[in-house]
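Chain nomenclature is as follows: A, B, C, D, E and F, assigned in order of appearance, with residue numbering initiated at 1 for each chain independently.
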């Protein structure tokens, strides 16, 4: 029965290739499937491979797997898109918990003959697994809004000390194993607590990064457990997740330009909470998310304003239009009569970028089409999309016809700051919850949107 | 309610074009139009009738209508015939004192002059100045191009390479910006200049070069309008403009300071130094002209340089102009008649600013 | 110190293997577009559920009398299986958006 | 060698402009220019003198010069005064029989008419037809735009959205293509049409729409020129053009069949059906016109439609036109004078084709 | 002295990272350096690490290394760019030879106790090394024009049989080792011959692919030798080269769109020789090479013609211009008076794409600038760049002023075919040896040029 | 057959290592732009010169009397060293063009 090793090898390769494919949009789905296959085969082998002092207990195993599978499926089906990160976080927590439960059991199997290496590995698995477990739970709580942010100057020092404590304990326990039978349990508890105190101070905004970090930890825990059982798939799979998880974490930090240090030593969430603080409650978005939204939309309406002229973004706009159209999205331009600074300002620019006249929709028709527009891309327009013209009799522009873009499904506003437009009045649009702000010079922003769209396949 | 349209004796501008007439009729207004009111701008009586309006004599219109629309001028005699509390809407150049203006102030009717509209976003749709200025800006370039004995765009041909024409636009208001855009379209190299440095951005947004004079006296409170400038500044300014103008083939000047004499930007020496065959279009000629030599509504030739003085270029596009004008008027009417003709909300900027009346009157309603 | 080095020497293969795998992990991810951060995270999270195998082995080797091991082991299996199955399922859901239209 | 320039009595076209004059003088030619030859096209005698030319009377020029340059016309009397074996170069419309032509044939001098140049690549640099056609094409659009009482580009303004003007160009030769390019620049929607389907690609390369008539009779051997077409084809063609023209605001027609009467493309019914205010520029009017109603070198108004008949629009840009014209002439001279005036290589297509002479003469040299 | 293993690991990692960096233009140079470091450290360890039955012989070792280094350096310095592929090929051959010489020696050290695995490995190293050796030499010969192409129907069958023979021999020898002492030498010879007969029939045009393939083989040989000596670096380094070499080979085939099969089973070089056959002697080039040429040029002159108009390539052109300019290349446009089909045709188009007027150079100035232009990019122009106007009195366009682009350093012509221009005459330019043709619709071609330029950093 | 499988079993680590390294090799190259094909080839070719280590070991273990081994071994070293040094040098030359200007 030497086939086992072969199968293990195969499943390892499946895992690797799966992970690889997962990292490119066009192949991601297959990647996930391959990885699943890899897991499946590995698990089957683990169940059926011949083994020294095997007592079967298949009943428990099947029951366990089945139960888990059912629960997992149910949740993953009924969660809605926005809830997914929470869910991932819990799942990851469970992975950690699994590592914990096996390693604690192993810890109590040690006898005088068990090697130093083995013990160290086991306890590390216990510790890391524990952190991943409770950490993930907190992360979940935060995302679900069940746990409030809380932090104090001291917390990071406390964490440091606590970490020392854990490691100290482990070393002690490894050096003189059999002395205190309760120590493993202590180590367990300490680890679990560290998980809590580690994640708690971190701002909700940064949870995705944290989850990815914890995921990497789970991976490492799995690898350690693998070493304990001398099981190749566990080792390699675990290591793979560990390393790729680490990189991914770094990438995520980059994407929301924070440094990982600045993450781990707290000081978290500062940046992102800032904005919501000083200017009402606006939602910022990334070029990337906007790109996806548009890429998978049916109808996109571009709403050019004076800002497009200032940024000279018309050509970039045309390019984006081209990329989207070529991917089956249909793109139009809603031209407000007073957009820009002179009559026909937008016409001049869009003609220059030669956008066909047929794509230029004027106010009334546009307001008609907006209801079944999926994404409104507001390019440096402000007054002409100011809803207070419609609903705020107090407003100086009340009664002026404007583009009623709030009738569309999503609104993304491209501008450089929260500055006002020509008429110098606030624009409630920006604070509406359909609206996402994408700050920066319109031209640059649109160019990066275009790149994002292009990489997407 | 009856809306009357009287012929504009002075310009090819009719206050309602047939398309808009029918819109109003849909809104349950009666429309009576003075016979031949639209002919000058290319709209025959038949068209009005088929749009549902009634053709009548000037007298009738003036006496019957509750709201009287016209272009830019109206006779004292006409005013007499208007019934007491009817409204008169036009574009009477309300910033420049004139007998007509005093007559209008004394008129029993309430007179609105749309050129007095605030330059606010909400007023845009009624802003006749914008509509007409923009039209004139476009026309200025087309006329200049037609006048000019050369290509606007650069041409590399087997009979030699022809450099692009250089166009200088003075005053980048609505008219100026439109001129810039049009000249750019035709392929000329465009430079522009304005006292309001705020305009720089707008000029550049059209791909033209903004030539700067340091030390401009901004006055942003003036609602987008320009204010008069310091001596030294004006000297520097003149020098710069002189140099640029001498290089230019076409100069289009739109510089205005509402209600005041237009600033002189092109002096005789400049004209003298300019290339033979170059063209100057002075759109400020009516208010004294940006070019010393320009004569209002005349085209003169000063040793080889053609100087067109015309502040009402839109008149050459009467048809289009009237269409825009009447759309503006339509929007204006819809705004002021919100709650019926007899209770206008005088505290609305749009109404109070455009309404012409003697001081006591204003005192009353204040 | 020396022990550790010895340990290295004895497990040189293993260590090479680990290092190269780690590097492979980096390599494989390094070029992922931001679009995929979350799906990828959840996908690799599902993989980390591989630890379930540990639990399985544990249970298989447990004396049928050794209740604690059985209980915790099974618990481990359940948790692990949630992680694996749920993880892949939810990843798949996220990736639906990349289905060709 | 002495080169003489005589005034063109008929058009604002002078055969040498000062810039080119000095070029020739550098090449060691003597230049004598008839007094006021250039005035009509904006070049004063002083300019010529400062360029190094001598101003003289017409008589002098004709008698003294070895090579005489002129525009498009010359009197019989003038021919008498030309010395036997000198050369006369001009643009005498050599494809259309006329008394002048017979006179020129009989002339003792060797007469070259540049409009007869082959349309070969090598001849491009002398191709006056191209230079002038291209100028006219540009001018046609500018004039039309000035005539037209509306915007060319689309405009979305607070006073309503103005649709872009629709321009139809008939005949996409050099003039036509230039017209297309210019109209596109101004932001109009341009449709074009030509019998030579080869032109389709060229039209599209300028971003305009080519409207097709199936079953065109190609004749590629005709060196880029068009040939007359079959009955049925012409019917289909007329129909299509009618429909398109009716939709258009501006129609510019350049359709020519060299040496023949121009094809009629715009019939009365079409004009009748066109919108008031639309403009037709018929650049084939001289050869009978593409529009039945057009009158050569006149602008008429047929119930609301302005019809400009002008085949020599370049005359309105005399200065530019003369520059290009004289560059062409310069290149031509440099070509034929390669080995001296007295041994022209008559077997060169360029020379043989442009040389006007009686048959026996040609027989001799053949 | 356990540090050895550590150092070996480090050098392995250096090799990997080096290879990685080598595959992206901006990091390639460092990559090469890192790899070199890896090699260096590994070699040092090999020399100085303590070893059982060590007899030093350091003299030989140093002498050898030194000699090799000197020779290697000299050649790599004095070879000129065009000669590099040959050189690489030889170097690779030497690598193979090295493998051969050690494995043949090992082969003669076998005794009854040596394991089956060991022997198999050794003989495979011998065989593969041998093939790599002679194969590379032939490849060199072909590139250097010293060896003529030669092929016959049978050759591929012959190779197949010969291959069988080798393998057969090896198996036989492994199963009954000590029987014939001369067998190893026979195997050696056979392998060397196979190398010859394998590469010989392959067309010179495909040599790059072959070299890359042989390089992969050398890698494998090294790995096998590594197994023989149980040396990690050799194994991993060899495997790395083997696998990456394989992929590279495939990529190279793709790049010249041929399949690897079609390579190995001969049928080689067919395609590439084709063109030179039917249309005079023109040189085709790839978007990629053109991109490099332009990217690293000082001055690029674009020569637009009617073809640009037809392809509507003006905007694409502007984009390419932008990418190049932003990388410090200066780009201009030489406008010939009669380019296109109407006076000022090119002006209209380039204005539309708004290329600044200052970049439009007219005939005379252009002819002045062309002498210090590095690359002339002819975009669908033909007659206007026809040199016969200058030097062929017989030509109908003799005497017409044209753009004398042959004064520039390189000419690349973008057109769809060898069709003639408006004037319908042949254009000697295309057959001049400064000129390279890049066929395809101008717009598409220019767009791919632009992409290539962009990926280059 | 079985032997082979046994062999696998005994060298499972090694095999994993090989497989993963091979994969890494693929991974590392897969995205190389055509520009770099030749430099990359020559670079990896230089690396394949690692075989020189074999020759070195061989020579080190050779009896000073064993002339043949010494000769061929040294020859091997020379060839290998040419491959390594020359390879890297020439690669470096090719890559000069990518120097930032």
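Assume a contact is a pair of C-beta atoms (placed from the backbone, for glycine too) under 8 Å apart; a residue touches a chain by one contact, two chains touch by 3 or more.
These numbers come from a predicted model, not from an experiment.
Any chain bridging chain B and chain F, meaning touching each of them, is among A, E; the list is complete. Counting C-beta pairs in contact across A-F and across A-C shows that the higher total falls to A-C.
Of all chains, F has its CA centroid at the greatest distance from the CA centroid of chain B. Distance between chain A and chain E, defined via averaged C-alpha coordinates, is recorded as 42 Å.
Per-chain Cα centroids separate chain B from chain E by 69 Å. With centres set at the average Cα position, the gap from chain B to chain C is 75 Å. The set of chain B residues that touch two or more partner chains comprises 124-125, 130-131, 134, 151, 153, 155, 157-160, 185, 187, 207. Residues of chain A in contact with two or more other chains: 16, 20, 236, 337-338, 343-344, 348, 351-352, 354.
In chain F, the residues that touch at least two other chains are 13, 16-17, 20-21, 23-24, 27-28, 31.
Contact residues of chain F toward chain A in the complex are 2, 5-6, 8-9, 12-13, 15-16, 19-20, 23, 27.
Chain B makes touch with chain A in their complex at residues 120-122, 124-125, 130-131, 134, 174, 177-178, 181, 184-185, 201-202, 205-207, 335. Of all residues in chain E, those touching chain C in their complex are 2-3, 5-6, 8-9, 12-13, 16-17, 20, 232, 236. For chain A in complex with chain D, the residues that touch the partner chain are 335-339, 343-344, 346-348, 351, 354, 357, 360, 362-363.
Residue ranges on chain C touching chain F, taken from their complex, read 13-14, 16-17, 20-21, 23-24, 27-28, 31.
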